[in-house]
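Down below is the structure, laid out as structure tokens.
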Amino acid sequence: MTRPGVRFSAVLWGLAGLVLLAVLWEGYKAVGPVTGVQFFGQSILPKTDDRSMPHLVDMVTRALQPVNSAVGSPPVWVSVIGAALNSLGVAAVGWVAGSVVGFLLALLMQRLRVAERAVLPWLILSQTVPLIALAPVIVAWGGKIQIGAFSWDRWMSVAVIASYLAFFPVAVGALRGLQSPDAIHLELMRTYNAGWFKTLLRLRLPASVPYLIPALRLGAASAIVGTVVAEVSTGYKGGIGRMIIEFAQSGTSDPAKAYAPIAGAVILGLVSAGLVALVGLALKRFNRQEAAS
Amino acid sequence: MVTTPVQTPATGAAHAASVAAISVRSAGKVFQVAKGAEVRALDDVSLTVAPGEFVSLIGPSGCGKSTLLRLIADLDEATSGEILVFGKTARQARIDQEYGIAFQSAGLLPWRSVQANIELPLELHGVGKTERSARAEELIELVGLTDFRSRFPDQLSGGMQQRVAIARSLAERPKLLLMDEPFGALDEMTRERMQQELVRICSETGAAVVFVTHSIPEAVFLSDRVVVMSPRPGRIVGIVDIDLGPGTQRSEGLRENSAFFEGVTAVREALHGSPAAPMGVELR
Amino acid sequence: MVTTPVQTPATGAAHAASVAAISVRSAGKVFQVAKGAEVRALDDVSLTVAPGEFVSLIGPSGCGKSTLLRLIADLDEATSGEILVFGKTARQARIDQEYGIAFQSAGLLPWRSVQANIELPLELHGVGKTERSARAEELIELVGLTDFRSRFPDQLSGGMQQRVAIARSLAERPKLLLMDEPFGALDEMTRERMQQELVRICSETGAAVVFVTHSIPEAVFLSDRVVVMSPRPGRIVGIVDIDLGPGTQRSEGLRENSAFFEGVTAVREALHGSPAAPMGVELR
Amino acid sequence: LSGCSSSSSTSTATSGNSGNPSVTGGALIPVKLQLQWFTQAQFAGYYAALDQGYFTDEGLDVSIIEGGTDIVPQTQLADGSVDYAVAWVPKALASREQGAGITDVAQIFQKSGTLQVSMAAKNIKTAADLKGKIVGNWGFGNEFEMFAGITKAGLNPATDVQLVQQAFDESGLLDGSIDAAQAETYNEYAQILETTNPATGKLYQPSDLNVIDWNTEGTAMLQDAIWANTDKLKNDTTYQDTTVKFLTAALKGWIYARDNPQKASDIVVAKGSQLGASHQLWQTNEVNKLIWPSSAGIGIVSDAAWKQTVGVAMSAKNLEGSTVITKAPDSDAYTNTYVQKALDALKSQGVDVTGSSFTPLTVTLTEGGK
Amino acid sequence: MRGPGVAERGNGHPEPAAGAAAGAGVPAGVSAAAVRGPGRGRALVRSVLPPLVLGVAFLLLWQLVVAVFDIKPYLLPSPTDIAGQVVAVFALLLSSMLATGLNALIGLVVGGVLAVLLALVASRLRVFDRMIVPLVAGLAVVPIVALAPILNTMFGSTSDTPRRVVVMIVVFAPIFINTLRGLRQVRPVHRDLMRAYAASSWQLTRTVTLPGAVPFIFTGLRIASSLAVISAIVAEYFGGLQNGLGSRITSAAANSAYPRAWAYVFGAIILGLVFYGVTLLLERFASRRRS
């Protein structure tokens, strides 16, 4: 079996999965009770009316119609793509910034045991801070920055928040990667009288690649999620997150509209993971397993 | 930093040469484990290895063979006694790259080709590209991997990997090779072939070798002297001189020869004379 | 399902007993690898093992030793020929639990204690709790691990783990033991002790054994017959009869005995007579 | 989904005829205005002023920045991100108490637009009827009028009603999971009326619903106002000047929306409002009702209304037990100085700034507000 | 303290419970008991002191900056302001933590069980596996913000269900992916062994596959645990009952009452750490017996 063949059939199976999901959706909508299913006062199955669960056809049709009643407004799907690209750009900046910070932190922690002990718990803690609490602070402080011709833009706040989520997996993954060389390799470097930097360059960095790639991929997904949340929290206009809540307003009168940007967000996540996979491809050489000898 | 380009040719027993390759005097090593407890891995060990000499260390698991080798390589520090390598302290010898080393697992960098792995020490010491690849070429030929130079470690069999590791340990033409069970992970057939090649390579390069092994036939086949150790604390309990003739002439046939069997029996007895090692009941 | 509670006592050479423990007739095995390509792992192999007999399989890497063992155990299916175990098809014999098996890696379940590991096959076959633990008790004693019954595998040395695996393979009192390099991962000292124990256990239980190994001395020390194989395609190139007396009396001393050395030399020659295996140059 | 940048409709620009002296060769002063919600006719006056070129006439280059859930306009204003902000008075007072230096310079809405809507069958006509009901609200500090009303009716908001935060739409009310939902006359109330009543097969009619109006319950608070930066108002004469100009143009925009509701609504729709044209017309009309007539002139802060707002803000407790503010705001909280100057300027142009003859339209809603 | 593992490590050495002991360093003959005793206290100090020092230094600096530059609370409240609010709203803080914590817990448990069960099915049924894996990849990147409004309409905003469903969805992907990897990790020797025992496929699952996957399940759970709390909080942001941390944070922030908002954020951090810590303890407990 050739690789393209494998990939093609994977896509087919993925589509089959989507069809399965669609059948489940419409099937439940057809047979489920309109008021949903309640169990001890908690609803456990959704309502099935058209506002709660629009028909798939309606979602698709709605996506093909204009976004709003302004003259010449583009179809929903076009706007969604535009918004998705916008978010992708911001997320990319956040991802790069977060990855750099995460990697530098990992280097610091690898170099100094004390730093690892002192910092790592706080890294974990940092991820339990709800973004919605951070957003106003970052926006407020960003607004204060004005250096010469440079002034802080709203999107930069979004990127900062995205990087706040993205740095974490990279820091943890890179640390593991940098610490991954076997004792035997480290001792070999010692017998060569190689210092920290040479060891880093020739051993730790290449050895960290297999850990780094998945970490970067995870970081990319986090950056997307962070961007989407931050767009809402900071009021940055033009991205997919903002679009989601803009559309959510018309939940009463136009329920099918809200699904297009959600699909857009999912595709955005998949695309970003795919882009990172390309980085992985470039570094494939370092992804070799040590032979089990 | 590449040291002395060409070796003084050394025959099997160059015991009397100027300065000893290794001179261990009353070396001891105590490991501090958890609060209070300590492990006496080596106790009052003295050993001299002449330039060009092939010495094997044998003994039950945990008797301190690896520890002794690591002290010589300055991967650990002795807690007592003195260790000189070519008349320098072990530390200085390491900094001056006086030895090459090979471990039980080949320890190749998986992302480097055979050639790049062999070039690693040269690269680290700033040897130029052309010189590096010329030297790698030589070594690849020496270990018989000419067709595999651009393969990656995971594309090689275990024996081939070990050969790369040996080539790498020879890259800077050390006058001393330290080897810790380099063939431990190989199957017996491959192992016997590798032994023969090692014997050949050592006679060609004239390097002194300290070779750690668990296998009596291996020790006997390879060595000029076999050092037998006993555990808890690790000590030398006997040294068996072997005389099977110069390395270049050792061949498969030797293994069915009576001098070989005698050597095997002598080492076996030296080993069993030592207080019987508990049969693997230690916790790990 | 526990089979026949007590074995017919078997001495070293019970060749003439009723039905053969194993009877392999012209067995062949071809593996389909990547599109089109195939590997002929075994070709026209015939072998009979008598009840209570200890047979070793030896040969260079890749000659099909494991494959042959796996065909007997019905872990793979032969592509040609016929394999009977106690007169039944291999499949039926597996379902009837006619054999016990042990591999190179002990393959213990890390989340089960020594005792629970030994009880595993009994548990799977619905043996009651008290019966199970009584049997485990016996076996733990047999392999000398009484004090370690509630330890977990990671708390044991390699040798101890192998002993647990052997105890497990004996749990259902099989008349046939299949062992694929069970001592391959052990150091030589431990290995020699384990060999002696295996010899003792086998004579006590009277089971027939097919034992795969790479080590000539091991094969000679353990076996009634050593089957020597050659690779590509895997064939039997010779069978060496060994006569070192009944297992119960084999001891360390034997290894320095001339009959032992003769056996070693005979197997070595049978091995080398076969077309020389390329020295580990196959790609993996 | 067009941007919110500068003027999009150059076609309708009627600039150049006012001959305002401050227009000096296109060197416009950049000004940012932060809204508190998405583009909709709630802000029709500002969009109209932009579209009609009133801001440029005053020498200002105004960008209107949309709001949204998490954006707190008064914070944006206080930290200097924007120059002016539209915000409800109680929330802005709360921010002031936390140190945000902002001042109400023009009170656009004179009345509260907040209702508590319920299905007629539930018979919820006064605050007292909310007892034991599931009561929706938006949170985010938009709920204080309701809390005050409930308290005033002798109920404890924390125990006597079950509070639920509403989503962005009114589906909770429509599917019956909420008994009484919060709605603005100009927005969410219309969204309900744009939905088909399954019982009748026609759109919901006002007669299908009951509303509690906080204006009549006496707990209404001041809503949309224009806020400016207190410090800059004190020390920065250019800003003071700009403020007057900004207010002049903005008020003119609102007057335009009063006199041309259909056009104002069209301007908002063209700006990319999420909800449709008839909905925006309804909204323009309802917002006009909250503004006009404005007896003292549009934008003047009425002392009485201010006092009621402050009183409610200091007394009504929410379900966390806290009040909006704990002490009376200082005298910087609002000023009529600038709006008065703007009104004077407008009056001198002969513009009607009180709208005493204002009569609302009757807008027919369509399904989905299309 | 080990960081939450990277959910997807593409390479083949995921060994989630890899011991920290370097190579052959562990001495023979020294009983494990000797390692405990007073040495433990010092180890605790060594692992607790550095982060504590860093944390205190950070708080002091924060306080100092706010005091020296006279930063207004709406821009950044000082730690003491926040602490003051924590005390002031303590009862409410606890009840909010409880409400949000319950949502997170229910979502985590239901989502986790579902993920393990579906992973089991996927490991057995190839067709299902191939269909669900791409879907889960999609699920893994769904932003919570996108789901919450829709789930609110689907399940009704007066119920806790939408939030719990959000948590379920968010925790599903990491647990599913890790579990599936664990289930596929069966060592060939164990598979051969079970075949030699003529064991049924259910027996294989029960005695080998599932126990072997436990460390992997925990890797997923560890990641999922703190995600559960964050997503429960964010989900509250889109309507529904106003009894949790999320709505308290946003409503305080909307009034510019940032010290109060941060007091609830503090509660959120504590809740997140509790979830993470408990999972870590469970993991310790479950993997005590493994190599």
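First chain written, first letter: the chains are A, B, C, D and E, and each begins at residue 1.
We adopt the following convention: a contact is a pair of C-beta atoms (placed from the backbone, for glycine too) under 8 Å apart; a residue touches a chain by one contact, two chains touch by 3 or more.
All of these numbers come straight from a predicted model, not from anything done at the bench.
Within the contact network of the assembly, the step distance from subunit A to subunit C comes to 2. Under the contact definition, subunit C and subunit D share the contacting chains E.
No other pair of chains shares as many C-beta contacts as A-E. Relative to subunit C, the chain whose mean Cα position lies farthest away is D. Chain centre most remote from that of subunit B: D (centre = mean of CA atoms). Centre-to-centre, using mean CA coordinates, subunit A is 36 Å away from subunit D. The centroid of the Cα atoms in subunit B and the matching centroid in subunit E are 49 Å apart. Here the spacing of subunit B and subunit D, counted between their Cα centres, is 85 Å. Between subunit B and subunit C, the centres computed from C-alpha atoms are 34 Å apart. Counting partners per residue, subunit B has 61, 154, 156, 158, 282-284 as the residues that reach two or more other chains.
The set of subunit E residues touching two or more other chains comprises 32, 74-75, 149, 153, 156, 159, 237-238, 250, 253, 258.
Multi-chain contact residues of subunit A (touching two or more other chains): 47, 51-52, 132, 136, 140, 182, 184, 232, 245, 248, 251, 287, 289, 291.
Within the complex, the subunit C residues that touch subunit B are 60-61, 154-160, 184, 186-190, 193, 214-216, 252, 255-256, 261, 265, 268, 271-272, 277, 279-284. Interface residues of subunit C facing subunit E in the complex, by the touch rule stated above, are 70, 73-75, 94-95, 97, 99, 101, 103, 105, 107, 109-111, 120-121, 123-125, 152-155.
Of all the residues in subunit A, the ones that touch subunit E in their complex are 10, 13-14, 16-18, 20-21, 36, 41-44, 46-47, 51-53, 114, 117-125, 127-133, 136-137, 140-141, 169, 171-173, 175-176, 182-184, 210-211, 213-215, 217-218, 221, 224-225, 228-229, 232, 241, 244-245, 248, 251, 255, 258-259, 261-262, 265-266, 268-270, 272-273, 280, 287, 289. By the touch criterion stated above, subunit E contacts subunit A in their complex at residues 1, 3-13, 22-23, 25, 46-47, 50-51, 53-55, 58, 74-76, 130-135, 137-138, 140-147, 149-151, 153-156, 159-161, 226, 229-230, 233-234, 237-238, 245-246, 249-250, 253, 258, 261-262, 265, 268-269, 271-273, 276. For subunit A in complex with subunit D, the touching residues are 47, 49, 51-52, 67-71, 73-74, 79, 82-83, 132, 135-136, 139-140, 143-144, 232-235, 237-238, 242-243, 245-254.
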